[in-house]
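You will see chain A twice below: alongside chain B first, and alongside chain C after that.
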Partner chain A sequence: MSQTLSHEDLLKLVDGCLGQGKVVAGPTLVKPDLCAYAALRASDQLVLKDFIHPANSIKGFFFPRHEPICVYRLNGNDVELEDVDPPKTEQIIIGVRPCDAAALPILDHVFNWDYADKFYNERRENTTVVTLACTDYDDNCFCTSVGLGPAAEKGSDAMLLPLGDGGYEVRCFTDKGKALFEGKTTPSDKTGSASEGPARKIDVKWIEEALEDDYENPAWKTISLRCLGCGACAYNCPTCHCFDIVDEGDAAGGLRVKNWDSCQFGQFTVHASGHNPRANQGQRQRQRIQHKFRIYPEKFNEILCTGCGACTRNCPVALGVLNTLEALRAAAAPDTSEVG
Partner chain B sequence: MTSDIQEQLRQTCRRLLEEEKVDVVIGYGQSTADGPAYPVFITAPQDVDRLVWNDRCFNNLTAYLTRDEVKSLGKPAIVVKGCDDRALVVLEQESQINRDEIVVIGVACEGVGEPRAAKCAACDVHMPRTADETLGEVPNGPADLEAAYAELDAFMAQSPEERMAYWRGEFERCVKCYACREVCPMCYCNRCIVDKNRPTVIDTSAHVKGNLAWHVTRAFHQAGRCVGCDECTRVCPAGINLRLLNLSLARAADKHFDYRAGMDKEAAPVIGAYREEDKEDFIL
Partner chain C sequence: MDNVYKPELMEVLDVHQHTADVKSIRIKFKDPGKANDFSFRVGQFGMFSAFGAGESTFNICSSSNWKDFLEFCFRKTGKVTDVLWRLDPGDTIGFRGPYGNSYPMEEWEGKNLIFIGGGIAMPPIRCAIWYALENRDKYGGVTVVYGARTVGDFVFADELDQWAEKERTRVIRCVDPGGETPDWPYEIGLIPHVIEKARIPADNAVALVVGPPIMIKFTLPVLDKMGLAAKDVYTSLENRMKCGIGKCGRCNCGPVYVCKEGPIFTLEQLTQLPQDY
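After this line comes the complex of A and B, so read on.
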């Protein structure tokens, strides 16, 4: 016996949560031709069909692009410091692609490794993630290559699987998920379905081994020639989590803030001396791939990539992780001159 | 038509590489027929069949001419559309490129994108004007500036409060990935003002204040220089309509100084030249 919910009842649930002052977010059309995850004002903004993957990821609801962590005031020679408390607002994110939800348990490691990040953890605790199983994929998806899939449960509190009649089968995996849907669903003999998963595949085992002794590989230079060094890949990536801590204020005081940063920016690794250990884009691309497929797995036993394809879809020059890895593999094969 | 141009393009580039006239061709490649076109760097004559030309060739490749990684490849040939060609003119005016050291291959362009990109609707540079070799032929439309600024006119018909609300909504989505800057041929500064941190000039935070500061500062730096290739608008992951800002700059230069960036190499750059009769009444 499965549990099902009609689309109308799902929207009522959303409006009910909004009415209780909770933040409800999900895929929505921020522009007529642009679907992205954003906070909803009303349930009719929620979009649960006709998209492969929203332009961005959900990480901003846990690790915002800009977050004050401390307030400081200067009084003569004294400095007053005041902690900023993480927000306590309950959040519900509905219609999350499984590849985006799967990033959360992966990120939990780094935000609780040598330091427990209270901002991230508090939001994690206060957020319920309801995924929407994928019924389609595009040429940028590769979730099955990194151990996930169109109905992967990792990171989900509950999952909606489209029934084909506009309704959903609801599967609850955690207490948060059960609490959200308790008393809302109807027992049924219908079951939802998901797609078989993307057509393009990569061999992550090969990649991890190939990256082992790869620092001087000349292929990085050619692969990265077209990379412009923006942060469109990293900032829309569900797992990229680098940040910069800066003080913003004036002579009277200000804020210490945590802002997103990206290893693709030339300034990311510039030393105070002016020396830059990653002086060119090839080295920066190598770092991004190394971190995702070798360094993070070594440290936390998890690949820092969920195969969502957002890096490729958002790349101004159609690069992204999948094309980079394919080019790396092609460059390693002796019978090809395919570069750049 | 486009397939003829593609064949001519490959022949031209093969010849240039074989005769060692250039070391690298900066052009477009494509992995699958329905996939996106992207920049490729061809250094060997046997690889020229990787070059494509079709209406998915969006990138303004001139942005690569000022990049160290590409400069290190040697003397380039570059494939340009008419709008990209305007960027070459500005880069030369601003002493960023030595035009004698670049072979420019112009391609006749009927427009990019399906449906056509907004910039193509009022295009009057279907044929590149400064190329060393031009492939194909498309009649240049007349300069229909009214059509070019139609989107801006509709926007400016709104009240200042409505316009500000619009921009707040647009900039609210900005995450400061700087894709707009990196694709822009005119954003060639070695150190962008937003990257200056001793002291910080513009808040690095992607909040409304920091985002407004970034986009307005960039717009000022682009005044009279932006050639309207619209690449910043195309690549923005947040879909911010930077085109509207750029149109506003273009019209100010056009209306008050009778100047369009990248149209005439001999014209004194609007920001770099001063005339006593220059108008000041449009400045806030």
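After this line comes the complex of A and C, so read on.
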């Protein structure tokens, strides 16, 4: 027996949670034609069909783009520091693509090795992630190439699988998922389904091997010639987690904040002396791909990529992980073009 | 759960100006409990806050044997150091740390130590020199080679004389040609040449070399010629950092996070890494 829920009951559940003061987020039209994950004011803003992938990822609900980490007050030659606690509000994110949810267990490693980031961890604790299995995919999707898929359970507390009639089969994987749907679903003999997902496009083993001694590969330069270094790939990536720490305030005091940053920015690694170890965009592209497919797997045994394709969809010059890897593979292939 | 990004408040005890643009600052924990609990190993670094301007990474350049205070040294070169430059005793700054690995001072016991530094790079060597000289019986000969562009560019210059007076300790100082004054009694020349001329015995020795990349590049072949193995030559990398604790994603050299697996590396380790430093 499966458990099912109609779309109307799901919307009631959303309104119920909103009524209890919880944050409920999900895919919504933030502008006409722009679907992105955002906090909802009412259930009718939730969009659960007719999109492949929202423009952004859900990482901002755990690791906000801009987050105070402490308050400082300047008082003559004295300074007062005040701890900042992340909001305790319970968060529910509904309609998450499996590739976005899968990023969470991957990010857990970096935010907890040796030093635990309480801001990330507390938000993670207070958040229930309800995924929506994919029934379609586009050219930019490559979840199946990185060991995931349209109904991958990684990082999900519960999953909605669309039924033909507009309702969902609900599968709960964790206590948080069970608590959310307890008493809301109906036993049924119907089962939801997901698409088969895109055919495998890249071989992860090949990438790891190709990146092994790849620091001086001239292909990086050719690939990145058209890169603008805008960082849209990193900001919309569910797994990119680089950040900056800066003080924002005035003569009386202010906030110390963590802000998203990106390895694609030219000043990211500049030394105080002016020397920059990654002085050109090719080196910065190499860093991003190396971090995802070699450095992170070596450290934490997980690829820092879920195949969501957001990097490519958001790239103004059609780069992104998939196209970069394909260009790298093309550069490595023996030249079979005819001479003359 | 602790806030790993929140600094401890430190009181500025003393400010010392070394050159036209280099100062060192002595600080202590405002919270006596923290001061008691704190310990570090020479070679480790900290994140130092000038509130309102931000945080910067500096080596803790005092010896780990000195329990009442910490010292760090910086060149006035950006937003944070501009504010640090204006500090007076009694002012407050922030400190997080200690972070990173350290010099293997136990492993170096019984060996001859060669310290080679250029310009502003003396502070991360100075902590190890003091540590070795304070445990003098444990180490063989100590040779310090310190070069600066001009006679006005030596950092901790007064301590060079103190070191030179210690037993089995040789201090060689040099300035780049043209950087000398008429009464400069020491060497004139670039560090690699001065080392070659000094005929420093390299048997049973380890070398710690810190300085600008160009100095390191030309010094390494000389050490090789002297017979020092790559595993016995150490340096401290200074990649840009923000968190210091392996999260913010910018200090890595290929697969190695300098903030956690460094900043101290042997030449043997460095040759395995891409030139991301």
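Here is the rule we use: the second predicted complex is superposed on the first by the 333 of 340 C-alpha atoms of A that agree within 3 Å, B and C clash if a C-alpha of one lies under 4 Å from a C-alpha of the other, contacts with A are read in each partner's own complex, and residues count from 1 in each chain.
Criterion: a contact is a pair of C-beta atoms (placed from the backbone, for glycine too) under 8 Å apart; a residue touches a chain by one contact, two chains touch by 3 or more.
What you see is a predicted model; the values in this text were computed from it and never measured.
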| item | value |
| --- | --- |
| Touching partner for A:E298 - first (chain B), second (chain C), both, neither | second |
| Chain B versus chain C as contact partner of A:D175, first or second or both or neither | neither |
| Touched partner set for A:D117, first chain B, second chain C, both or neither | second |
| Chain B versus chain C as contact partner of A:D244, first or second or both or neither | both |
| Which of chain B and chain C A:A55 touches, first, second, both or neither | first |
| Touched partner set for A:E196, first chain B, second chain C, both or neither | neither |
| First (chain B), second (chain C), both or neither touched by A:E8 | neither |
| Common ground on chain A, meaning residues reached by chain C in one complex and by chain B in the other | 244, 246 |
| Complex contact set, residues of chain A against chain B | 30-31, 33-34, 36, 55-56, 65-66, 139, 221-222, 224-226, 228-232, 234-236, 244, 246, 248, 257, 259-260, 262, 265, 267, 280-282, 314, 316-319, 323, 337, 339-340 |
| Chain C partner contacts - residues on chain A that touch it in the complex | 69-70, 72, 74, 77-79, 81, 83-84, 110-111, 113-118, 121-122, 215, 241-247, 249, 251, 253-254, 256, 258, 261, 263, 268-273, 275, 277-278, 283, 287, 290-291, 294-295, 298-299 |
| Complex interface listing, chain B residues touching chain A | 31-32, 35-42, 44, 46-47, 59, 63, 68-70, 73, 173, 175-179, 181-183, 195, 197, 200, 203-207, 210, 231, 234-235, 237-239 |
| Chain A contact footprint on chain C (complex, rising order) | 1-7, 9, 49, 51-56, 75, 77-78, 81, 88, 90-94, 212-213, 238-240, 242-243, 245-255, 260, 274-277 |
